[in-house]
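Following this line, the structures themselves.
Across the two complexes that follow, subunit A remains constant while its partner is subunit B and subsequently subunit C.
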Partner chain A sequence: MPDTKSHGRRILQQKAAFAAIRGLSILTIAILALIIGFIAWKGLRFDRETRSTVLPFAEASPKGLAIVVNRESALEVVEAPVLLGIYTDEYINWSKISGEDTDLLPVAVDPATPEGAAARDLVFGAGAAEAIAWGGLVEFVPSPEAALEKVRTTPGSIAVLPHEALRDLAGIATVSLRRLSVVASADAMALVENRQVEDMDDVEVARLVSGGVPSWAALGGPELAVAPIAPPAGSPLEAAAKAAGQKPAGNPAIDMAGYLAALAGAKGGVGLAFAEDLVAFARSGEEAVALANGEAPSLAPLTRRGHERGWNLSLRYLVEEPRLSGRVGGISTIILNTFAMLILTLLIAAPLGVAAAVYLIEYAKQGPLVRILRLGTETLAGIPSIIFGLFGMLFFVDILHFGFGLLSGCLTLTLMILPTIVRTSEEALKSVPRALREGSLALGATKLQTIAKVVLPAAAPGILTGLILGIGRAVGETAALLFTMGSDYKLATGLFSSARALSTHVYLLFAEGISFDRAFSTATVLILIVLLFNVAAKRLVGRMGRNAAA
Partner chain B sequence: MKRQRALEKTIEATLFGAAAVSVLAVILITVFLFQSGLPLFGKVKVSEFLFSTDWAPTAATPRFGILSFIVGSFSVTGLSLLFAVPVGLAVGIYLAELAEKKNSRLIRSAVELLAGIPSVIYGLFGIAVISAASRTLFGGSGYSVLSAAIVLAIMTLPTIINVTEVSLRALPRELKEGSLALGATEWQTIGKVLVPAARSGIVAGVILGMGRAIGETMAVLMVGGNAPIMPTGLNSMVRTLTMNIITDMSYATGDHLTSLFATGIVLFAFILILNLGVQLILKRTISQVEGAAGA
Partner chain C sequence: MDPRPPKFDVRHLDLWYGQTQALKDVSFSIDPNTITALIGPSGCGKSTFLRVLDRMNDLIEGVRVEGSVLYDGEDIFGDRDVIELRKRVGMVFQKPNPFPMSIWDNIAYGPRVHGVKDKKALSDLVERSLVQAALFDEVKDRLHKPALGLSGGQQQRLCIARVLAVEPDVLLMDEPTSALDPISTAKIETLLDELKRRYTIVIVTHNMQQAGRVSDRTGFFLHGELVEYAPTRDIFFNPRDERTENYISGRFG
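== the complex of A and B ==
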C-alpha cells in the first residue's frame, strides 16, 4: 500500500532529522568542552621545544662539587654553557636563565686554593689558568665557608663548592648540572653542498653514539662514515655516559687526555664529552693556533632537540608581582586590579541599574516615555564594546579629565553592563506577587517603605543574579578597557591610576609576543573566575526557583 | 505629610534619573562619536571613504577608504552565520521540543557558559586550534576569513540558540497539538508548522547575533590576520571595521584619528540599523500575536 510506504519514509525522515539535531546539540557541548579543556590544559602544563648542546642528564654532584644558589632562586638545573656564561658576564640578570628579575652575583672561591681550583676547572675546564677570562661581575672569596655565607645572604648569588663544604643547607639550594655533550669532528659538522648535520632528538643521539648510524648523510650531513669513539674505560666520562643511558660502542685504549684529540683527529668521529673539557680543549694550544689561522674548530658539539614539560600555572604565578611586562613574575597585582575594577563597577552600576528598574516597574506609567527609556536600554545593550571604548576615551578620559585609569574604565564598563542589570532587575521585580505590595500598603506602609522593605528583599535573588551576570561580562571585557583603563600592570593606587585587568593581560601577552604559555595561564585564571560567577548565578536562580515554588 | 510627599517626589525624580541614564548614554555616545568623526568628511568625500579600498592614513597624501573593512566585516559575519544558524536552530529545536529535562539542563548550562567566555579567550583558542588547523588543512598563515568566521560562529551560537528556544516555547500549544492531531509526524510538525510560526522571532535572533558578530573585536583581531586588504577568498587575511579602529587607535593622530572615529560611525550605523530591524520584527510579531488572540 502506497500510504504505509510514505508513512515509513516519513518516520525514517524524522529519525534522521532528530539524529542530526541530537548530534548538533552534542556538538555544542563538545565545542565548550574543547575550548575550556584546551585552554586549561595549555594553561596548566607547558610543552616547549628546547635546543641545547648538552644532554638532559643532570649530575647533582659533578666531580664531587656542588652548585649552590640562594634559597630564593627558582633554579633547579643549569646547563654547563649557561654556567660558563654566568662566570663570564654573558648574563647580568637571572631573567633569561630562570625567569626571575634578580641581579646575578657569581661567587667564586679564590682559585689559588685547591677548592677554588676545582670549582674553576668545573666551569672553565682544566688547563692553563692564565688563559681564563673571569667575568667582571665575579666576586672572589677566600674560602668555601665564606662563599656559602655570601650565597646564603645574597639573593641572586651562585657559587661552586666542594660537596663536603655543605654542612648546613639553611638558606641555600643546590642545583644540578647538565654537562654531557655529544661532539663530532669538524669534517662531520662541515657545511657541504649546502647540507649540514641537523639538530637531532634523543633517539637519533643514542643511535649515533652507539654506532647505529652508518653515515652522517642520514642526519643531513656529508657523505662520511660515522666513527664512534668510546670514552676511556673506567673514566668518569664513561660512568656518566652509562648513567645517561648511552651505550657507546668499542673500547679503545686511550686515556682522558688523549680522548678529545683522538675525536678531533678521527674522520667523521663522534663521541661524548663533558662541556667544560670542550671549553678547555678549545683553549688548548693547537686549537687556538688553528683558530688564529682562520681554520674551523676541530671539535663541535651537536645540538639536541628535546621537549621541556612542566607545570605552567603554579601558586608562584598567582602570588608574584608581574615584572618586565609580564615576562617574569606572576599576575598577583593584575588579579587584585581586576577585582578592584569589578567592585568599583558594581558600586556604580548596581544602585544605578536597580534604581532604573524600580522606576520602570514601580513608578512609571506605560506610555511613550517608558517606551523611550526601554528603547534606550535595548540600544545600549546592542552597542559593541569597541564603541564603548571610543566613547569612554572621548568622554571620561578626555572631556572629564579622568585620564586612563580605574575610574574611566569602570564608568565605561558600567554603561556596558547597565542593560543587563536593568533587565534582570525588572524581571525580578515583576515576579514579586502583587498581593505582597497590596498587603504592605494596606498595613499603612508608604509606597517607598513597601518598595524598600517588601518588594526589593523579595526580588533580591533575581537582582543579584543580574549583578553577577553583569560583572561576568565586565571581567572578560578587553576592547573597551584598552583605551580607557590603560595597561599598567602595577597595583592600582587610586581611582585615577592606570590598571591592567586579566583579560587585557591575556591580550597583551599575546599581542606583544611575550609568552604564549603565560597568556594561557592567565586565560585559565580568567576562565576560572568566569566559571565561578556562572555557578554563583546558577545557584541563585535555583534558590529563587525553589522560593517561588514554596 | 507634606514633607513626606516632597521626599517621595525627590526619590521618584532620582529613580527617573537612573532610568534615564541609558537613554542619555546612547545620546552622548552618538553625539561624541559623530562630533569626533564627522570632521573627516570636510577633507574626504563620504563616497570616497565608503567606496574606496585605498587605506593609507599615514602616507604623504593620506587616503582613507574603508570599503575593504566593510566587506571584511560583512564577509566574516555572513560566513559565521552560515555556520551558526543551522547549528543554533537545531540546538534550539532540541531544547524546546525534544530534550528530556536532564539533557536540556546540561545543554543549557553549556550554552550559558559559551556565552560567558571572554572574547580574548575565544581569540586565544582560535589562534592555537582553529588557525593552526586551517594552516595545516588549507595552507597559508591560518589567519583568515574562514578562521575568524568559525570563531565568530561559536560566539554567536548562544544568542541564536536562546532566541530559537524562546520563540518556539512562546508558540501556543494548540498549534502543535492541531498539527499532530491531523496526523503529521513530530518532525513534520516542527519543520512545517512550529519553525515557520516562530520565524520572525528566530530571524530577530539571527539579526541580534549578526549585530554581536559585527561588533566583535578581540577574537577576530587575534585570528583574522588584520591585513588592510580586500579579502579575496576564504583563506585570505581580513581586517574588519572593529579591527581597523583598535589597531591604529594607540598611535593615530590628526586626520588619521578622526578617520578611526568615522569608522566607528559606520560601525555604529550598521549596528543601529540591525537593532532597529530586531525591534521592528519583534514589535510586528507581538502585534500579530495580539491580533490573533483578539480574533
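== the complex of A and C ==
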C-alpha cells in the first residue's frame, strides 16, 4: 500500500518548488522589462525642469512688432530676458539658446527711425535712449527692409521689425516672445530668517496672482499678507493678466510707470508686468539711485518652475552630424563609425576565430598543449575589457604606431571577442555528428573537403551565434575603445582615423556632463542596434536550421 | 564456382584497438558480384572488419593492423591512395547520415569532390543514382529540398544513391536497415538484389533472416575470429562449427 502521507508531502513540495521557480522567472522578466523600458523611455522622451522669470504665454506679435530669424534657425519662442541678452552681448552663439552651433548676429534698425525706436522699446523698455547699453555685436541697419534682407541672407541673425515690414516671408521665420512676469515688492522677496519665497510652479503662480494665497509664508517667504495690485485698466497688460488668471480690477487712472511704482511701494505687493517695462523701471530714477547705493531692488520678478517635455529621439537626431562635443546635432557619423568598427572587427575576428576552432577540434592532437590553449582562451574571455584597452593602447597604438584609430580599436576588440568566437565555434563543430564526417570521408572526400563542405556548413548556425555574441559584446564596449579608437565624432575616413563609437559617445555624454537626455537617446539607439542584431541572427539561424532539418 | 579472381582476399588479418585485439587471424576471400553477409553477436568484430575494407578504421586513433587485404590483387595497406580506395569501395552506415543540404547536393557531393564540375553530367549522375537506388520517383519533384526532410527509409536509400553516384565497385553496408521499419527494410533488400548485378556487396547484419534472404555467402564472427565462412544455405542449415549452430539456433547472441 502506498504511503499516502509522504506522497501528499511530495506533491506539496513539488508545487512549492514550481511556484518558487515561476515567481523567480517572472521577477527576472519584470526586472529586464523595467531596465529596457526605463532606458527606452528616457531615451525617447525628455522632461527637463526649467526655471524662468517669464510665464509661458507666447505672443506672436507684441506691440505690433515681429521677431524674425533666418529660416535655418530652430528657434520658435524666445523669452524677453534672453532677447535682452542677445542685444547686450550676453550671448554670442545660439548654442545656449536654441542648441545650434551658429554665431549670433543681432540686427537692429537705426533707433533714430520710428521703427527702430519701437523695436528698441520692446527689447529695452521705453525710456531715456541714452541709458541703453547696446551690445557690441549688434549691427545697425538704416531700414526695416535692409534688416529683413540681412536676416534673410545671414544664418544666425535676428531682428525685431514692425509687422507691416514683413511682406515677403521667404528665407525668414517668425519667433514668438514670452515677456509676462510675476513681480513682487522687495519686502515680499526679502530673506528673513533664512526663509525666502521659493520658485513656484504654474498652479502656485495662478493662485498667487488671483489672490488665492493669503500670506507670503505659504510660499516660503516672510509673514506678510499678499497684496495683489491690479494692472492699469485698458492696457495690454490687463489682457495678459486676465490670461494669467488675475481678476480684472484695474485702476484706469495710472500709467505703467505709476503702476510699477505702486507695486514696488505696496507692502507684500504682487502683480504682473512685462519684462521690458521692468527693465525700463530698473533704469528709471529712484530705482537706479537705490541700486547705486547698494540697496535691494524694490521690484523683483518671481521665478517660475516649469517642465519642458518632448521627443528626445527624433529622425533628425539619427541623420544629423554631432557638433560641439555632441551637445548639438545628432549621431549620424557615430552610428556609421560604429558599423564600420563592427564590420572591420568581424572581418578580422571571424576568420581567425573560426580557423582556430577548426584547428583545435579537427586537427590538433588532443593533448596537454590543447588543454593549455583552451584554458588560455577561457581566461581571456573573463578578463575585464579595460585591460584589453590598456594592452591595445600600449601595443597597437604605441609600439606598432597605429595611433588612435579604427584599426587599433578593431584589433583590440578582436582580441576581446576572439575567445567567445573560438569557444562557441568549437562547441558548434563538436556538435556536428561523427556520422556526417564519416559519410563524407567514406565517399572519398579529403579531410579538408569534408571540413569545408560538410562540417562547417553543418556548424554554421552555432558559429553564427558565436559571431553575434561577439559582435554584441563589441558594440557595447567602451573601456577598450576609449584608449584605442579615440573619440573623434567625425566620420572616420581611413583605418587610422580616430572614431567614436555609440558606446563611447554615451560614456562621454555622461562623463563630461554634456547631456543626460542625449546620453539616453544614444543608449536607446545602441539597444535598438543590439536588438536588430539579435533578431537578424535568430532569423538567419532559424532559416539555416530549417534548411538543414525540414 | 566463379572463375574470376576474388574481389577481396583477406590474409591473416589482426587488428588491435590499443591493447585490445578486435580481429584475430581473419582469412577469407569475397567473390565479385556476390552479397556477403557478416553476422555475429555485438562486439564480435564484424563492423570493425567491414571498416577495414575501406580503411575507415584509419580515423580512429590507436588502431594497429597486421596481415593483408588484397583488393583486386593489390594490398589496400600498401601504396594505394586511400581516397581512391574509398571511391571504389563505398560505405553505407547503420544510421542514415544525409548531409544537411538538398537531395540533389547530397548525391552530387561525391562526384563533385572527385572533380566533376559539369552541371549536366552531375544532373545525369544524380538522376541515374536515384533511379538505381529506387528513390527517384519518390523525390523527383523535390530534388532541391533539404534531404533531412525525407523519411528514414528514404534517407537510407538516399545514402545508397550517394554512394552509387561516385560509381564504386564495392558496397559495404553496416547494418543498413537496423534503424528502419519493415517496409523500408523490404525495399532496401529488394534493391540489394538489383545492385548485386553491378556491385560486390558486403553487408553486416544483426538480422539473421535478412542474411538468409539476401546473401550468397555468410561469415560468422565471434570474439574477433571468423568462425565459419560458407554459402549462406550451409551456414543456416548445415553449420560445421558448433558455435555457429548455437548462434543460429538462438542459444546466445
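What we mean here is this: the second predicted complex is superposed on the first by the 449 of 550 C-alpha atoms of A that agree within 3 Å, B and C clash if a C-alpha of one lies under 4 Å from a C-alpha of the other, contacts with A are read in each partner's own complex, and residues count from 1 in each chain.
One rule holds in what follows: a contact is a pair of C-beta atoms (placed from the backbone, for glycine too) under 8 Å apart; a residue touches a chain by one contact, two chains touch by 3 or more.
Since the structure is predicted, the reported quantities are computational estimates derived from the model, not experimental observations.
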Practice task
Examine A:G382 and indicate which partner it touches, taking first as subunit B and second as subunit C; both and neither are also allowed.
Solution key: first
Practice task
Please indicate which partner A:V506 is in contact with in the superposed arrangement: first for subunit B, second for subunit C, both, or neither.
Solution key: first
Practice task
Determine, under the contact definition given at the top, whether A:P457 touches first (subunit B), second (subunit C), both, or neither.
Solution key: second
Exercise for the section: Go through the superposed model and pick first if A:T446 touches only subunit B, second if only subunit C, both, or neither. Expected result: both
Exercise for the section: Report for A:A435: first if it touches subunit B alone, second if subunit C alone, otherwise both or neither. Expected result: second
Practice task
Return first, second, both or neither, reflecting whether A:K538 touches subunit B, subunit C, both chains, or no partner chain.
Solution key: first
Exercise for the section: Answer with first, second, both or neither: which of subunit B and subunit C does A:A17 touch in the superposed model? Expected result: first
Practice task
Check whether A:F391 is in contact with subunit B, with subunit C, with both or with neither, and answer first, second, both or neither.
Solution key: first
Handout entry: Most subunit A residues touched (candidates subunit B, subunit C)
Key = B
Problem - Overlap of subunit C and subunit B interfaces on subunit A (superposed complexes) - result: 446
Problem - subunit A - residues contacting subunit C, complex - result: 433, 435-436, 438-446, 449, 453-454, 457-458, 546-550
Problem - Residues of subunit B that touch subunit A when the two form their complex - result: 4, 7-8, 11-12, 14-16, 18-26, 28-29, 32-33, 36, 86-87, 90-91, 93-95, 98-99, 103, 106-107, 109-114, 116-125, 127-129, 154, 157, 161, 185-188, 191, 208, 211-212, 214-218, 222, 242, 245-246, 249-250, 260-261, 264, 267-268, 271-272, 274-275, 278-279
Practice task
Would you mind writing out the residues of subunit C in touch with subunit A in their complex?
Solution key: 54, 56, 59, 83-84, 86-87, 90-91, 93, 95, 97-101, 109-110, 113-114, 146, 148-149, 159, 162-163, 166
Completion exercise
Seen from subunit A, its contact residues with subunit B in the complex are 10-11, 13-14, 17-18, 20-22, 24-25, 27-29, 31-32, 34-36, 38-39, 42, 351-353, 355-356, 358-360, 363-364, 372-373, 375-380, 382-391, 393-395, 399, 415, 418-419, 422, 446-448, 472-473, 475-479, 482-483, 503, 506-507, 510, 516, 519-520, 523, 526-527, 530-531, 533-534, 538
